[in-house]
Every structure is written in structure tokens, then in C-alpha cells.
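Note that the chains are named A, B, C, D, E and F in the order they appear, and that numbering of residues resets to 1 at the start of each chain.
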Amino acid sequence: MKEYLIILVGAVLVNNYVLAKFLGICPFLGVSKKLDSAFGMSVAVIFVMALATAVTWPIYTYILVPKGLSYLQTIVFILIIAALVQFVEIALKKYIPALHKALGIYLPLITTNCAVLGVTILNLDEGYTFGQSLVNAVGSGLGFLLAMVLFSGVRSRVDAAAGSTPKAFQGIPITLVAAAICSVSFMGFSGIVDGLFK
Amino acid sequence: MGVGSMLFPVIIVGGIGLLSSIILVVAAKVMALPADELFDKVRAELPGANCGACGYAGCDDYAKAVAHDGAKTNLCVPGGDAVGHKLSEAMGVAFEDVEEQYAVVRCSGNCYATDSIMDYEGKQSCAACNFFYQGKGSCSHGCLGYGDCIAACQYGAISIVDGIAVIDKAVCVGCGMCAKACPNHLITVIPATSTVYVGCSSHDKGAFTRKVCKNGCIGCKKCEKTCENGAVTVTDNLASIDPRKCTSCGACVTACPTGAIVTCASRCEAIVGE
Amino acid sequence: MKELLKPVVVLTVICVVASALLGLTYDKTAPLIAQAEKEASDAAMQAVVPGSTTFTELALEGMENVLIAAKDDSGNGYAFKVKDKGFGGVYNVMVGIGNDGRITGVKLLDNSETPGLGSKTGADAFTGQFPGKDKSLEGVDAVTGATISSNAFFRCVDTAYQAYEAVGEGA
Amino acid sequence: MSVLQKTLKGAKVAHFKNTENCESTPMPLPKEVCISMSQHMGPPCNPLVKKGDAVKVGTMIGDSEAFLSAPIHSSVSGTVSAVEEIVTATGSRCQVVIIQTDGEQAVDEAIKPPEIENHPEFVKAIRASGLVGLGGAGFPTHIKMNPKNLSEVDTLVVNAAECEPYITSDYRTIIERPQDILDGIAAIKKYVGITQVKIAVENNKPQAIEMLRRLTGDDPSIEVCSLKAIYPKGAEKVTAYETTGRVIKEGMLPADVGVIVENVTTTAFIGQYLRTGMPLVTKTLTVDGGAVAEPKNVVAPIGAHFSDVIDFCGGYKCTPKKLIMGGPMMGTLVFDDTYPVLKNNNALLAFDESQTAVYEEQPCIRCGRCIQACPYHLMPRMIEKAYESDNIPMLHKLKVSLCMECGCCSFVCPAKRNLTFTNKMAKQKLRAATAKK
Amino acid sequence: MITPSPHFRDDINTRKIMLTVATALLPALVMSIFYFGIRALLLTAVCVVSCVVFEYLFAKVTKKPVTISDCSAVVTGIILAFNVPVTLPFWMAVFGSFIAIVVVKCLFGGIGCNFANPAATARIFLLVSFGNQMTHWIAPHAAIDAVATATPLKLISAGQTDQLPSLWNMLIGNRGGSLGETCALALIVGGLYLIWNGVIGWQIPVTLIGSVFVFALLFGQDPFYAVLSGGVMIGAFFMATDYSTSPVTTKGKVIFAIGIGFITMVIRVFCNYPEGMSFAILLMNILVPHIDSLTITKPFGAVFEQKKQ
Amino acid sequence: MSNPNKPSNWRVLTNGILKENPTLVLILGTCPTLAVTTMAVNGIGMGIAATVVLICSNIVISLLKNIIPDKVRIPCYIVVIASFVTLVQFIVKAYAPDLDKALGVYLPLIVVNCIILGRAEMFANKNTVLASACDGIGMGIGFTLALFAMGSIREILGNGTWMSGAEWLGIQNGVSLHWDNPIIVFLLAPGGFLVFGALIALVNHLTHGKAIKKKEFGCAGCPSAAACAAVRKGGADE
């Protein structure tokens, strides 16, 4: 239990994918304008991250490694994720249209979100077990959600004042500066994992 | 070496590729929903200005109407003929000309023609100034010159020249956003072919108008009498020109004693002449 | 049917071709990669045990923080690759210990310390203090502002000594 | 009002009641009056006279069928010289009747005290008097006196708060015409079936409070409520809440919670009218401001030009920078002093240079003072932002439609933002947007 | 002249407010000069001047109206100086001012538009960049190049509670720490002055100090030391109350202050940094837009339609 | 975009460097940009790796564009890209193991770099092999330059060195400024965001500066609005 918590807290607060590890920056910049879409996107990401981890971990551990083919990791993983996302989209559209309406528009964006491929690869780099990997996937997704939700508020403030921002900084640049401030604030949590679970 | 080292990779990656493509193809088949391809096609052709000139709530709405409700394909004003053609093509219907339009400001009360009655120090916007005595000008119908219309125009067609708004016909696409923004409803969208229009909106009595503005329409009816095509009528102290009858001959322009009837060329010159 | 089959075939063929090519190249480059890795590891070991050229790996049981324990074939001493947790996470150190039980050299390997702070524990100014010291590490100063990283380094050295003693007993 | 009830917020506005000891004095008859056909809420009246007609004091010169209108009477005797259209200070157009006075002030023959037996007759008489709310809004009083739920209306709140700075005309009414007030209250009690009366006075007028308490001391149904002098205690919903604890909800009328709120001078006029039958033809205004030579309370004929009123007060000391019709918090500016006195004018202020700082709008510093100050707990700063970004749903959510334009938010804003005015524009924008739907 | 109503305004303005805040910070400045010597004054001057100059230059470069006359940069400068050790090299202070004024404030549109507290953010940037210099605290009345002393928080986190200064010394500021944060008494006096003046409400300071107290108890620490050490006092009265970066409604302010208290104690107790005030302020700053939109006031007499199903 | 005369290959190539710089103008591939640019040399390494993948995949995809059916377009592209990425991984691991460590997980993540997939979708899919190759080269150089610039700024400010760790490029030790107190924050995540934002703003300023100003004049009732409108009219006729 404790080890799972360690992974979870670490993934959400300390090694936040967006603010500390630089994964999934594109949606972070692109979809954080409104709280609703930030939330929707994040939920979709959590979902796909967990699903992708659940599929890729066994394939890597039980097929690629025994055959000495771990170098195929990249190609196999991305293929699986791409197919998975597309499949999930089709399936949701057909069977759970309500959910598709909420998350559907974000799904195609996810294939090219480094956070998803990143989490599957990093899980293996860290040598996590299947359970740990799943927890890490969900935790990273939650970290992504936290960053997105927090940032959507900041964005609303920043965008509302966009008129008084210098021309050259309007749009993406000022958003990045805001991200810098958010990311520096998260540094305060460094060491929290050791501190909490001493 | 060789075959051996290639066998497993090929089997595994090929297998996953095969499997996933089969699943996708089957899934697409089994779970297929009618895609709204027509909508996508139509929407892709629209300029995306979401100006509402078509009469629908934005481009998506218009695309939907074209794709499913048989709306006309020539309603997108900013897109002009080009978009009209493409939409017709996408829908497989005959193309009708888009009526090209542009916006004109029906006020000629620039700073040489009329005065300001008060020293307005409040918020610098037409809508705000209009709250006080219907604006700072001695003519309460006139252009306030704070440029609410400029802010509304996505195309940068409007500028303030000598205290009144002037629209550059060459830049204006006729979306009508400015007309909605003007608190005095001075801006109207007219067909591109009509180059003569009345540059005044005052229904005040002629005597009063003459007092407050040199360029205002005083309702003298000279234009009505001059026009051979019967395009000009004066109602309620204000002339109006029916663009369908007007041949842009310019007779009324010369006849007007105050210069309230103008040509768009003279207006556009004002912009360049500045 | 054809329209159903085509995607399947195309994707499969692309996969097959791609993976075949990858398999081939892997065969070609794998030895190179392994060699590069070994060289790096050897270089680190050689750096901490002066005069050494080749090493024999020793088996150590029950010490999960010791990644590699190796004995210099020419008898100059031992090299231990030890892991611990630093400020930022992984913290690997190579420690060389001579036959006299004194440190012959240390080297910071993989780490995720803050560049400019914790990463200073990899700089010569810090690691240069170690050679010649014994287990007590008397006179070694921590890097100011990076106590946590320094302590991680000290713990690594400590672990290396434990491994050294274990090896010594075994030998 | 219970002890636990929280009072509504507001702004600590200085009082400047400079003219509180200036007895109201009638001004000499002007040469010409200009009587507007729009002196009330609701559609303007139609002129009943034309150029050349002779009129007398009290002659009805304008009326309308419309529900929310009240007739208009001539304030002088003389000849109509013109009926024309003007643009009013608030931007609407209306007709005015211009009358040249003959100096005789002959009273119209039809004028006589009304005979009233019952409620419908009372309402009819009030309408005939041309009375509209003298508290500022100009709401026709006969409609207030005739609520749909007559039987449920049990309380009359006499609004003598007079919360705006400078203005003392209501105060003078209390001091000078207490009997009119009591008569008015008695009439309303009798015909509208009121059981309790609250007289709301701000505690910066201790003399008035003391006097009213003395006069009503033996009547248990009348209570004189002393309200803390935090602007705007005179605003209808605020007054009703502070005196009775009843909340007039969004979309409700005072009558829906059983209350009629009536300005004190309006009440006094009812008393006077029932006695004399003279319709509303004069109005007491406070004339003050740095540019006025002798500030005083003036009884002016309705329709008198401001310039004549000011001349009576010794003319200008210096060039006025701002001419305010009404109080400084809510009044409207006029740009020239030919504007006529209206029924619901209660002050005319001519501010000099030193009183008219031009406040340059600075960026909002998010201090939250505007939110703290708004008596209605609105969020002016947020409304401003929503207005600027055209966020109609947000304007709706922020309930900008409730804003009474009291001016507290603009008053307290350290960045000098024109919040009240933006609210006004936002209200218009929201109305336009909802109308479209 | 025609202007919208009201035609009569309170005579308060932005500059008066900022100067009042600056005045309220004076007692703490005097105390810090008393404890740390003239360099405290110099460092504050460097921060203030560089803040003002950066704001001026930014306006010039971007061709915007120069706003230095509102004096908000002065307040930022003083607060920034109060948040760093007295030994900090001047150029680092200038860098901090750059971050505060240019990066955090002006780029976002200047006063009122910044979502993060300029001084707190700058302090964190400095802390992250110059860990050594930013944690080089000297004892009161010690020479500038004296060996570093431990702050009370450092002692608490190191478990050396027996070496803590007495509560009285904590109150009057006779302890190691950042330039302006040590003398709790002076800060409280300044804070009360601001509350009395109506520049700030009592809600944020009281709730913040209260929540630090409560969470300290919950986390098993001495609440009095928790409240008097580190930047709690300056944070509660001067930094968490910054208008731009705190919620506008009373309810929001209370939530905000509780959040700061909680995060401060979490960082102090569980994280690497001995002090969490500035991080907590910054983290809660980020939440302010959400707090604001959740605490929209209910207007007097408003009727909200029932949500449609 | 219905311009019939396609831009020349040279134009395509140079486009990527400033006008359509993938990182600083199109804002694609943000993650590696931010993550690996703590050192100038990492920027170069990442840039070169991505460029190689970009060129190769552009070529292959434009070759295959008529064969690949729509339904499996994305998976096919991804497989092609992933293969090249894996190849590059082999090479880097074998010849520049230090760079491999520095790039870490971002090396395999080139697969999902939006630049590559984006160019495949937007360009290679529609253009000839040669044009696609040119596009790949142009975009690749643009990407590399941007990363190099960012890496240089961050390394100089944050570490007080420049081009250190470039042994695999044959550069020994790089330049050291002998700065006792570099501003470490520039090496960390916040510094990354900050420098990236500043660079984009700079490019914004350099490229759009004129355009934005023109628009502003047209709208804000500035004295030269009329002249501006005339200029714009002239521009439209061009």
C-alpha cells in the first residue's frame, strides 16, 4: 500500500509530468483555456494512460523481453497506443455516446501526446511491477489533471488581461511565462514523498 | 544471423500490425455510424470568421444548414463567389452569384460640417457617449466618432476621418458586424454595385438639420425630382435610394444642395487623401 | 472485401518491412552498443582504481544497493558501483577501494541531482577529497547547499565499504 | 427591525448638507417656462395645447392614456409660444411646451379640493394631481397607491432618508411642512388600508428625527426609524429592508411584500393637495455647489429654466464646470443651463473647478472595495470584465440587472473606474441580448 | 463637461494605498536595520530602486504609459527585500526585482493583472537559483561575513528545539532569518495599521495565522513557534493580502488563507524546504481564479432559476 | 491556400528556418524543446536526431502516399516514424552514449513529436518526394537551430558554460565563463518555460511585428490609419 502511495504522491506533486518532466506540453498549452475542456482532456488522458499501460506492460514483459527484443519497445508501444486510441474512439461513439460527446474530441489529440507514450516507457525504465505501473499511470494522469485544472484558472486570468500584455508576448509566450510560475511553485513540494512516508 | 534475427521481430510487429488493423477495420465496420461527411466538407470551405453575415449563428451553423437543410450556398459574404462556387460544388447544386456587398456610414457630419455641443469626458466609446444627449454632436443622429465600429470590424476596413467613420470599400467584405456595433444604426450594408448612397440619417426637420450640420439631408426633394429612374424618395425628411433602381448616374449627387448624397469613390478618396 | 483487406495488408506489410529492417540493424549495432556500454563501465572502474585494466565481477548476495562489485585483475583493489537516493532520485556512485582499505577514487555516475547544486557532488572539487581517505572519511567536506546530495554520496561510500568487507571476508 | 438584522453596506459619503438651514423660498416668476412632456417613468404625455393657447396655473397641458403616465399641468399663467421637440439629458427625445408668462398667475377655474370617499376616488384624485414620485424616479404615485394586492399591503414607508450629499429639500419639507406630511400619511392610511407606517430618516438629521418623533409620539402605528447615514439608505429596497426587514426580491414590486415606499415630499404633497386641490406645479430644489453665489432651497415653478433658478440664487460665482440635475451620486449632467426644472428634480448643483476633478481611469488593482461597498452584494469589477469580454451568460449570472446605479462602487474605487456607468451599459447590453432571444 | 455619475468620488487612490502599505512596513525596516545593520537599508534601497527602474524601463520599451507613480513597485521592492537574507549579493537582489516586476507583473499587463505575487515569486526564483546565498542567515548584530546561523525553522526541522530562541526573542525579532521577517511585533503593528486604515481586511491575516496555528498543532509542532517563525507574519499581513493575487470576496479570502496555512505547514513539516510561506502563497495564487469563480456573491434579493434538468 | 504555383523547393527549405519555424512559430514538439535544452549540445543532438527521422520519414511517406489507405493512415505513419526513431536510437547508443543519457526518454518520444507527424500529414502526404525531403531538411534545421538557441541561453545563464559535454561532437570542454553563481533556475523546468516563452516572443516580434502594427493602426483611430489602409489596399492588389 505504502509503495503505491509513494508512487502516487510522487507522480502527482513532485514529478508532475507537465510542470517538472515536460511531457504533454502540447495539450497543456492548447486545451487549458477553459476549465471544462481542461478537465475533459485530462480525464481522457488518465483513461488512455491506464489502458495503454495495462496493455503494453505485459507485452513488454512477457513477449519482448523473453525474446530479447526490448529494442522494439518504441515501435510496438506506439502502434498499440495509436490503435487503442482509435479503437476506443470508435467504441465510445457507438456504445457510450454520452461519454464520447464529453471526451471524444480529445481522443485524437492523445496519440501524439508524449505523456502517454512517455508513461509506458518510463514505467519500464523505473522497473515498476504491473500494479505499480498502473498506479504510476493513473498518478501521472492525475498530475496532468491537476496541472491542467490549476492552469485553466490562471489562463482565464491571463487571457482576460491579454490586452495589456505586450504584443509580442500575447498568446503562447505569456502562457509559457505563466507556466514557468506554476512550475516553480510546484518545486515547493520537493521531498514531500520522503517526508510523508518516512 | 540474418533470417533468425529477423524472424521474431517480423512475427511480433507484423502480428501486432495485422491484429490492430483487423480490429480497427472490423470495429469501423461493425460500429460504424453515419459520419457527417457532408457537413465536414462544407465546413472546411467556409472562412471561419464566424461573422454571422450569412444570417446563421456562425460558420458551423451555416455549414449545418447548407449540408442538411438545403440552405443557399451563396450566403457567405466574406467568402464571396469563390466560397459560393466551392459550396455549390460540394453540394452538387447550381451556383448562384453571391451578391457582393459593402457597408456604408450614413453620416457626413465630419468636423467641418457640424459641431460638438458638449465637452464629453466619459468613457471613450460610441455606446457610452450615446447615453448622454444621444451623443456629443449637435446632430443627435450623427456619427460619434469613437469607433465602436472599428473595434467590431475583423478586417480593418474602417477608420475615423475628420471625426466620422469611413469604410474602405476595397477592404470591406460586407459582413455587417459594424452595423450591429453602431449605437446610432448609421451603418448599413448595400450591394457592391450601388456606388451612390445617402450619407445622412437625420429625420429631423430640414431647418433644424441645416442649423446643426452643413452636410445633412434637409429633405428638399431636389434629388427626388432629379432622378430619372425614380430611385430616390424622401420620407420623413430624409432621402433614401433604392439600389435596384439606381444606375449610379450621379445626377442626385450634383443636385443635392448640401452634399448629403455621396459616392463611395469620394468617400474612399477621403481615406487615401488623409 | 477488397476495401476491407487493403488497410490490413498495407499496415501489416509496412510493419513486416519495418521490423525486418530493425531486426537487421539491431544485429549489426547490438555489439557496438554493448561494447560502448562496457567501455563506459570499464572506464569508470578504471578511473577509480588507478593502474587497473581489467576486472572480474564478484557475486555479492543480500546487498541490493551494490550494483557491481569487481576485483581488479592486477590486484590494485576493488571497484563497487553503488546506488542510493539523492535529492532528485537515482544516485549512482563508483567507489574504488584499495587493498589497504583506503579509497583509491570515486566517481559520480547516473544521477538526477539539480544541475549546479547537487550535481556539484560529481565535480573534482568534491570527489578529489576522497582518495586516500579511510572508512571514516575524516576531513571530507560536504558541498555547501547540497547537504542532501553529499550525504547520499557518503552513504554510497559507506555501502561500498560494507561490500568491501563482505568481499574481503569471502576472499 | 430586529437587532440581529445586518444593515446593508454602502459607502461613507460626506454629507455637505450646507443648505439645511436655508428655508425654502419661492423664486420670482420667470419670463418663460419650458414644460417637458416626459416628467415621469413611462411614455411621454401628448401636449393638449398648441401655439397661441392661453393657459392658467393648474391647467392641464399634457396627458396620456398610458398606464405609467401622469398628467402635466401648467405652472404659470400665460400664452403657449411653442411646442417643440428636444433631446433630453438622458438621451431620449420628447416634446416640450413653452409658455410665456403674463405675470398674473391666475389660477385655473377647475381647481378645487377633491372630494374623496373611497380608495378608487383617492387613486383617481392622485392621478389628476399629476403627482409622480418626488424621490427621484418619477414613478406615478397613483399606480403605487393602487397595488393589485391591495388587501395585503399593510405598511407605508415614508422615505425621508435623503441620502445624497448636498440635497436638503426633503429635510426642509419635514421642518417646514410637518402637518402636510401627517395629513398625507393619514390619507394614505385611510384609503389604502395601511396599518403601520415607518418614517425612515438618516441619523445625520437629528432635528428632523426629533421633530417627527415628537409629532407622531402618540400614534403607535407610526414609527420614526433612524438609519445609519451610510449612503444609499434612501434607495427603495434598502429603505424597505432597513425599516421593515422585508426583502424585495428580484422581479418583485414593493407591494408584493406588502410595502409602499413613498418619498416624504410626495407624502406631504398628498396632504397639501387634498386640502387645496392644486396639482403638482412647483418643486422645491436645493441649489448648491461651489459655483453658486448663494446656495439655497428654492421653490421653483415646474418648467423654469435652470438659469432663472440660478439667477435667483445670486447667479454664478465663477464658470460652472458641471451642472448636475439631482445629487452628485446619481444626478444627470446637463451641458447648458437652459434645461427646465422637472417634477422629480430635487437639486441643482453647479460645481466649480475644485469640485470637478477629472478622474482618469486607471487599471483595476483588484482591491475588492467595489464589491465590499455594493449594497446589493453585486460584483462590479467582475461585471466590468464580463461586459468588456461580451460575456452575456456571465452578466446574467452576476445579476447586473439588479444594479440600482447608486454609484457606491465608482465612489470607492481607488482606480477611479467608471463602474456604475459600465453597469448601466452592461444592463443595456444584457437587455438587448435577452430581447433578441 | 459631461461625465457619467457619480460626480463625487472618495479621495482614495492607488498611490495612497501603496504609500500606506509602505509606511506600514517601516517599523519592520527599522527593526531590521537595528538587528542587521545598515546593509539592511542598503539592500532594501537596491530592491526598491531596481523595481521602480525596471517598471519604468518596461513601460518605455513597450511604449506603454509609465505607471511608476502609483508606487506599487515600491511596495514590491520593500517586500522582496524583506524576504531575502541581509547578506544577499546586490546583483541577485536586482535579478529578483527583474523577475518580480518584469516577468511576473509587467508582462501580464501590470498592476492588477498579475496572477502571482511578484515578490513571493521572485523570492522563490532566487531561492531555487541561489540556494546557498538565499539560506545564508546571520545572527542579529553579527558581521555580514559571519558564519551562517540557523533559523528557528531550521532548528525545528533538525529537531534541535533546545537551541530555539525564547518566544520573547521570537516576538521582537532577535533571531536569524530574512531581512524583514524576524520582528513579528513590528509586522503586527504595521498590519494593524493597515487594518485600521481599511487598506486590508482582517480576514486574511487572522485566518492565515489561525490556520497555521491549528495545522501546527495537528502536525505536532509548537504552534507559537510555528506562527512566529519564518515568514508567517509578513506573509499574513503583507503578502497574502496583496490585492492582485488574492480573492476579491470575503468567503474567498478565508478559503485562500486557510489554504496558505495548510500548505505552509505541509511544506515545513514534510518537504525539503524548511520554509513554505512563499510557496504556499504562490500555490494559492494559482488557485485564486477558481476560488473567485466559486465564490461569486449572492446579490441582495437575487432569484436564481432552478437548474433545468 | 489554393495558390496554383507551388513554392520552389528552396523556398520550402528556407521556410522552416524562420518563417515557419516549427518550434518558435508553429509551436510544435514543445516537450523535447523544453526538456532537453539544458545544454546547448543536447539541443544539437536532439535536433539532429529529429532531423534525420524527419527527412527519412518524409521521404518514405511521400513515396507511400498513394498506397496507404485512409483508415490506417496514422498507424502506418507511426510505424514508419517509429522505425526510424529506433534506428536513430541504435546509432546514438552506439556512438554517443552520453547523448543517449542526456536525451533519455525524449529520444524514443521523437515518435510522437508533433513536428514529424504533423509534417507527414500536412506536407509529405501531399507533395513530391523531393519537396518532402526539402521540407524535412528545412524543418529539421529550424528545429535544431531553435533548440540550440534555447540550449545556449539556458546553459550560459544557468550553468555559466557553453557547449560543454560536446565530446561526441569532437569539442573538448566547451567554454566556461567561470561564473561562481550561475542562475540555476534556468536549467530547471521554470527556466525552460521562461526562455521558451521569451524566444517565441522574440520571433513574434521579428516576424509579425509589422503585420500586427498595421492591424492596430487600422483599428485604433491612430492618425496614420488612413495611410495604413491605403498601404493595405496596395498590398491586397499585389
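The rule we apply is simple: contacts are C-beta pairs under 8 Å (C-beta built on N, C-alpha and C of every residue); 3 or more make two chains touch, one makes a residue touch a chain.
Just so we're on the same page, UniProt names per chain: A = Ion-translocating oxidoreductase complex subunit A; B = Ion-translocating oxidoreductase complex subunit B; C = Ion-translocating oxidoreductase complex subunit G; D = Ion-translocating oxidoreductase complex subunit C; E = Ion-translocating oxidoreductase complex subunit D; F = Ion-translocating oxidoreductase complex subunit E.
Predicted, not measured: the structure shown is a model, and the values here were computed from it.
> Determine the set of chains touching subunit C that also touch subunit F.
A, B, E
> Which is the least count of steps on a path of touching chains running from subunit D to subunit F?
The fewest steps needed to get from subunit D to subunit F is 2.
> Work out the mean Cα position per chain and let me know which chain is farthest from subunit D.
C
> If every chain is reduced to the average of its C-alpha atoms, which one ends up farthest from subunit E?
Taking each chain's C-alpha mean as its centre, the farthest from subunit E is B.
> Given the two chain pairs A-D and B-F, which is bridged by the higher number of C-beta pairs in contact?
Output for the comparison: B-F.
> Taking each chain's centre as the mean of its CA atoms, how far is subunit E from subunit F in angstrom?
For subunit E versus subunit F, the centre distance works out to 40 Å.
> Could you put a whole-Å number on the gap between the CA centroids of subunit B and subunit E?
Between these chains, centre-to-centre, one finds 51 Å.
> Taking each chain's centre as the mean of its CA atoms, how far is subunit B from subunit C in angstrom?
Each chain's C-alpha centroid was found; their separation is 70 Å.
> Report the inter-chain centroid distance for subunit A and subunit B in whole angstrom, where each centroid is the mean of the CA atoms.
That gives a centre separation of 44 Å.
> Where does subunit F touch two or more other chains at once, residue-wise?
71-72, 75, 79, 82-83, 86, 90, 184-185, 188, 190, 194
> Which residues belonging to subunit E are in contact with no fewer than two other chains?
Expected reply: 1-4, 103, 109-110, 113, 125, 128, 131-132, 272.
> Give the residues of subunit B touching no fewer than two other chains, as numbers and ranges.
If we look for residues of subunit B contacting two or more partner chains, we find 8-9, 12-13, 16-17, 20-21, 24-25, 28, 118-119, 121-123, 128, 131-133.
> Per the touch rule above, enumerate the chain pairs that touch, sorted by label.
A-B, A-C, A-D, A-E, A-F, B-C, B-D, B-E, B-F, C-E, C-F, D-E, E-F
> Applying the document's contact rule, which stretches of subunit F touch subunit C when the two form their complex?
Against subunit C, the touching part of subunit F is residues 38, 64, 67-69, 71-72, 75-76, 79-80, 82-83, 86-87, 90-91, 93-95, 97, 101, 158-159, 182, 184, 187-188.
> Show which residues of subunit A lie in contact with subunit C when the two form their complex.
Spelled out, the residues of subunit A in touch with subunit C are 71-72, 75, 79, 190-191, 194.
> Which of the residues in subunit C end up touching subunit A in this complex?
For subunit C paired with subunit A, touching residues are 15, 18-19, 22, 26, 85, 87.
> Which residues, counting only subunit D, touch subunit E once they are in their complex?
So the residues of subunit D touching subunit E come out as 8, 11, 13, 165, 237, 241, 247-252, 321-322, 324, 328-333, 335, 351, 355-359, 362-368, 371-372, 375-379, 381-382, 397-399, 402, 405, 407, 410-416, 418, 420-421, 424.
> Where on subunit F is subunit B touching in the complex?
Touching subunit B: residues 71-72, 75, 79, 214-215, 218-221, 225-230, 232-233, 236 of subunit F.
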